[in-house]
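The next block holds one structure in the form of structure tokens; read it before the comments.
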Amino acid sequence: MTRVESAKQRWGPRIERLGRGWDRFTQHLMGPAGLLILTVFTLWALFPDLFAPHSIDWEAFRGEPPFQRRLTAQEIEQLPHPPAFGDPFFAPLGTNAQAHGIASLLVYSAQTALYIGLAAGILSSLVGVPLGLISGYYGDTWIDETIQRIADIMLGLPFLPLVIVLVAMRGITTTNIILAIVVKSWINNCITIRGEALSLKELAYVDSAKVAGASDTRIVFRHILPHVLPLSFVFLAQDAAFAILTQASLAFLGLADFTTASWGLMLQNIQSHGYVFQAWWWLLPPGICITLVAAAFYFIGFSMEDVANPQN
Amino acid sequence: MTRISAKYLAQRLIISYLTILVIMTLLFVLLHSMPGSFIQTMQSPDMTGEQIERLKEQWGLNEPLWKQYVDFMVNYQTGEFGWSPHWNVPVWNLIERRLPRTVILFGATTITGFMIGPLVGMYLGWWRGTKRDRSIFTGGLIAYSLPSFWIAWLFIWLFSFELDLLPAKYMRTQFPQEVYGTGFEWTAMMAMRDVLWHLALPLLSLTAIGWVGSMLIMRTVMQNVTEQDYVFLARAKGLSERKVMIKHAARNALIPVATGAIVGIAFILDGAVVIENVFNYPGMGNLILDSVLNNDHPTTQAVFFMLAVLLVICRIIQDIAYTYLDPRIKFGEEES
Amino acid sequence: MPLLEFEDLSIRYRTDGPDVKASEDVNFEVDYGKTFGLVGESGCGKTTLGKSILQLLDDNGYVESGHIWYDDVLPEWKTDTGKVRPEVVEDDRYPVRDDGMMDLTALDSDDIRRVRWNNISLIPQSSMNALNPVYRVGDQIVEAIRVHEPETPEDEAHERARDLLEQVGIERERADDYAHQFSGGMKQRAIIAMAMACNPDMVIADEPTTALDVIIQDRVLDAIREMQDQFDVSMLIISHDISVMAETCDRLGVMYGGRLMESGTTKEVIENPANPYTMGLQNSFPTVEESQERLLAIPGTPPTLTEPADECRFAERCPFATNVCMNDHPPMYDAEAASDGRSRVQQEADVGHRSACYRLDVLEEMRERAKEEETWQQTETPSSS
Amino acid sequence: MPGRETNRGKLDTDRRRFLMGTGAGALAVGMAGCTGGDDDETDTPTGESTPTETATPEPVDEGEDVPRGGTLTVGLSQPPKGLNPLSTSSSYSWMILDHFMSYGTALDPVTYEVQPSAYADWTVENVESGEPDIYFNVREGLTFTDGEDFGIDDVLFSYNYIMDQEPGRYLSTVDPISEASEADNDWDVHLSMEKPIGTWDSSQLQLPLLPKHRWESVDSFEQKTPGEDGELVGLGWAADLSQFESDTSAAVNLRNDGEYPLTNLQWIEDHDNLRSGGPFLDTIQFRFYQSEATMNQDLLDGALDTYYGSVSVSQIDQVREDNRIGLVQGQDDGISYFAYNLRRTPFDDILFRQALNMLWDEIYWTQRLQRDLVHDGDFVLPPGYAAIRPETHADADLLTDPATDAYNFREDSPGVPSYEGIRSFLENGTPITGESGTFVGQDYPGALQDVSASVNEPLHDYSFGEVKSDVLKEEGVDKELYVNGQTIPEILGRPVTYLMYPPETSPELTQADENWSQNMIQLGIPVEREVQTFNSLIGRVYAQEDFDLYHMGWSNMSAFGTSTLYGLFHSDNADDHREEQTDTLLNNPMGYGVFDYAGDDERISSARTEMDSEKRNSMVAQSLEKIYLDSPYMVFGYDKVQWPANTTDFAGFLQGIAAPGSSNLSSHFYNVHQQE
């Protein structure tokens, strides 16, 4: 058997499995749609200058810095300016009260959303999955009982108030917001992964690994973890969506880091400047972007659930 | 007709009580790790050091930490929530007025959300894989992704500004005499109608998002349930599809929905906290934000506690509903 | 006189790829008051057949061609005296044959619902789980009664339900219990009681004993037999367990790969099997009469039913297959005739002993060799070549 | 806007007559930001020119013909924080309490003179002894809002109760009183003082007068929750609190039969723009909001007749377009400022502070962000209190004299600071001390009065060199500031930390902060901004004095220069951290006066005990200018108050007084009436 063949034999089934997974993922339009949206936002996040019509410092009437003049009173009175296409300036989604282009702000905010979503998602997986595995593997022992009781109590805590208290206490920074979200969002991962681990550890191959003298750690991470990974990706996606929405809510309540451009902050700004019902071009785009990115994560999550639970 | 196992209920009640104790402890630790003393909010610039000491004494801040903890636990369990330095009233006065408002908004949304969600989930699970299922499911996920305050703004804009149909502020007519003439007195019926009228928009905004959680569970479970033999048998018995779906499939699918309900309920409570701020609806969400931002620890503590208790009560109701839905639990034969 | 007649029934399941041919040109009859048994390995299409009678196929299943004739018509198609109205027979819009039999596959969903349970009831596969856990057992029987006899008062229906339970050996008051309070056998018997609730002409029992242990199996079989005697119903029993069938059935049909391979009276099929598959199947089950030393499994796996080859469905696993078997699936031949030496007399109608096999010419030889272990081991090599 | 026009016409003549009559220039700049032809008149800073302009006075009706009745609906952007007059200091609470409370003396809303109210007359004796005796007579025939008679008993009870309970709000007022008793001479009540207080008639005589029959059983003042327990009783012109839901609404019925004695006093009648015989309205309704945006919306929707506060920048256009609403204009009674911590290097140095001041782009702030709704700031007391401002005492133009513009933004091109100029200002080491001169390209004419800064030399050496701080590196700045050879992070252990409160409370200010700190960074000063909620900011700043610089969006100032200066800039009110750390909340967190390189303790102290108001005002004005030169604060703005009110249905709003929509809102409530 040549090496190519043996590689084929070894990798063939995996690739095939991957292919089958991909087929199931793309069965509904949802999965690909989610990926597409996310790809666009990722591109925005990575190369904002390619997509934004202006830099983040651009100002209506004055253009890009360095500025040669101040805005005149008449110009200031026109702010926030509705969409303009060349006359008197180009701002496809208009400007906010500070003369910055909405379109550019949107693009530059993608980073924050993805950062918060992925960081919160990954962190809650990093906390929730191992705890769930341990809890499930040591099912019905005091370890399991302790973890589950903690999860149970946390489940009953009012989430947003907790986050509000934590963020207001520890300071309004993006990191603190992410940490506060993770404090709660690991629980779902933990509980579900535990259930999976409970049933997986009954399977024959785990027993045989045990008989073969594998350590607990090895069994958990080599034999059980790979099987719950797809499921944990589902949760990662859902947690990401949830984190982005939570950040938006916090921003609305005035608990977002104002130095980092974010969609939530744009919405908070329109409210604090008092233009909510006067500047649709400022009100709609950030909300749509939040909805889209959260929906994209949910789409991917639920499409992956189909992949992870192939019985349907 | 139902005979709920007393043992089961007692067990749940004890767990709930312990949960509350743990939450209180957590609360205590949390607020005592906060930077700055909340006593500062009560200080006035003219106070001397001696007066500040006296103030601290009054608030028990000079006691050792364990004593403060014990006092806190005892006070809370006797319903003594202390005094709000920010609002200059007993904390209970604040809670007493605001809690019902939040409960009304939150309760109404929970009810509508859990009526619509499982109903839609039932149909989607039943039609799983059809075009209708996919489009409604996708729509549901998009609704689930809406920032609640943003959709509330859009609703206000549409229903209040453009169509002038619904009020977008407060929870009832502020000065009824202006609307109904002098000497007007509320009747219970009118007051209720008035509250519902004002509740419409917040409720709509919150339900627009809140129904999805239970829909998602119901849809998945429904799909598993339709493959069960009893559903097949029900169909073989000659029952109409509708009856099979509702009486046999959906009724069983509700059990897991009830088990997982607390997550959706907590989600709705979070939504209520935000929505209150949009609708100038002075409730608990508003209060906790104000008190946190103003270092009003006694109020923060109490609001958080009450919201946690609210959720614990929801869980007890959830347990009872679950017991009612699943006869295996009802007769104390809990299956693992 | 048949109560139920399968005529060239072909059933398909839609999939993403080509349709699955779950059954193909199946013909057999179930007579009044008699028990017909359908045997075969799992996945051979027997459950599909059972479900198709009441249009209970899964969403993606459909009847491609053929009919299932049932010797009764809907009440409104009858005259006052209970005869089929002539205009119904003559009018092509009604799925009623000249002899007054009605095609079940052609009924619309409302009409078939009225046939379900009322005329034909069903004991589902793994009926252990067929009781809805959230309703009282009695209520579920009452539900069946009230669907079809809405005029029956509630308490009368309850009385009947209790009577039925009593008849299958369950105390009357257990009607108020939930399924989880019943033992496995009790659940099964409760289902049997439920099946009789509307006094049907026919009961389909799909693997009625599969998940039960041997003692319970016996009791359940007894219950079925008793009910059959008492209510005088026809039965279609579906099972992979040929020994169970031998005990209970009047006639047997052996299915393989969606095709009926052999049919005849139980005695004929069991004692004088005329099809290699039946012979192999017999080897793999302990017979009640003679104790076999060891059980022989048929090597290989059942064929996939997506795009089956043109050859005889069993050819691939058949130790007796020759070139003649590779062209086409054989039609049903008269096995009596074959015993008499006239090997290929086609017999489409379900009378006597029939078998779908081209090798009926060497029937005796096959019967002899089928008992030998080596015969079945040999097949492994030819089938793979 | 016809309603506004007539109001204005009346008002101008009223004001002129008043100025003529009093001869004082307490109210100098009125109607700022008004459109119209008589700007030169309104900008006339002092009363000097008016005697010749004898416009025919057009006195307002004194109540007889004014229509009575009607309901005015007022919005408050936050719910009140309790209605206990002894404990709440929330201005939202006082919007309601003002109707229920009257005091011994009243502050004239136009002239800021002390006028009689519940006390008919008063006197002080034995000032020289250092322990003065205050005597006063209690007006007869007054009743509380619950109908009970008011008498000397109630007065004595109030003093003794407050002295006994020591509520924080009145602590400094009762602290100097050693005893309050019935007088043994012709007067009714005798207050024995421990020390002279210059403003005794407006402080010690303005304690809340409590109904003895309601309060004597209250053991601890904090436990009383008037309003909620239905027991809001006082001496004011309210009749009762007919509705009160502490977080949504309140309604106050007024004693509008024309018989309320305290609005029928002579001095009110003497004022042509104040009406006696009020209040005229039946009811004042209050709606409480959780956000200003909602409140603004309600004003435009017609649900409100007016609200507490001034129109915000983003709403001003809409309000101007609204035919129903007119804008009542007046001067600010507060200031917006930054404060520096004088304990820390290099904020201890006048030169450094002045350099920072010059980096503040006031044009950006006033024109761009505030759309000309604010004045650029200078002294720490607002132009509304012109009588004590330095300009008044030096015959200079209020707000516009070059001496008030010493720290103007030094720019090379629009919006771009003269970095090189300011760098050499720091390197060369000559601060603005009161001497005339040219500083960073701009002439300074010298101090208005005979004052100079505490020091005339910088404390430190400044130079610019290689960039070490990350903050600057990130921004690509080419030079960093070295103080005595060290970078600021080397001195402080971190970049300059700029405390600010959450941006949503003032998004415009956040913008300006951003601009200012960017300018500092570009100059070579590493700055980081840190968000603190209002109350944690209070803790950091006032209790711990742990800050480099912080901002206050708006801070209300008392009309009494001496007490403000004493509270904010005297070392008595600063924690001296050189010895021990305390967490008292003293009002002078900068530490001004604690160190010899910045302070004016002596002058402030003597002004405080000065009983002659003329002398006192002059000293205050000098102090203000000295503080301006020393720059512990940088005042960056005074609002041009634009108070929106339904002038279509109501009249009687007082134009041109200080803070019409806020601190002086209560004066309106007994003047406002339905439009004829």
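In order of appearance the chains are A, B, C and D, and numbering begins at 1 in each one.
Here is the rule we go by: contacts are C-beta pairs under 8 Å (C-beta built on N, C-alpha and C of every residue); 3 or more make two chains touch, one makes a residue touch a chain.
Note that the structure is a prediction, hence the values are computed from the model and not measured.
Most remote chain with respect to chain B, judged by CA-atom centres, is C.
A separation of 43 Å divides the Cα centre of chain B from that of chain D. For the pair chain A and chain D, the distance between mean C-alpha positions equals 47 Å. Centroids built from CA atoms put chain B at 25 Å from chain A.
Averaged C-alpha coordinates give centres for chain B and chain C that are 55 Å from one another.
Each of residues 35, 277, 292-293 in chain B touches at least two other chains.
In chain C, there is no position where the chain touches two or more neighbouring chains simultaneously.
Contact with two or more other chains is made by residues 168, 254, 276-277 of chain A. Taken together, the chains touch in the following pairs: A-B, A-D, B-C, B-D.
Contact residues of chain B toward chain D in the complex are 35-37, 40-49, 51-52, 83, 86-90, 93-94, 97-98, 169-171, 174-175, 178, 277, 280-282, 286, 292-295.
Every residue of chain C that touches chain B in the complex is listed here, in rising order: 54, 56, 109, 113-118, 121-122, 124-134, 143-144, 147-148, 178, 180-181, 191, 194. Against chain C, in their complex, chain B makes its touches with residues 228-230, 232-241, 248, 251-252, 255, 325-328, 331, 333, 335. Across the interface of their complex, chain B is touched by residues 28-30, 152-153, 155-162, 164-166, 168-169, 188, 241, 245, 248-249, 252-254, 264, 267, 276-277, 283, 286-287, 290-295, 298-299, 302, 312 of chain A.
Against chain D, the residues of chain A that register as touching in their complex are 66-71, 73, 76-77, 97-98, 168, 171-172, 254, 258-259, 268-269, 271-277.
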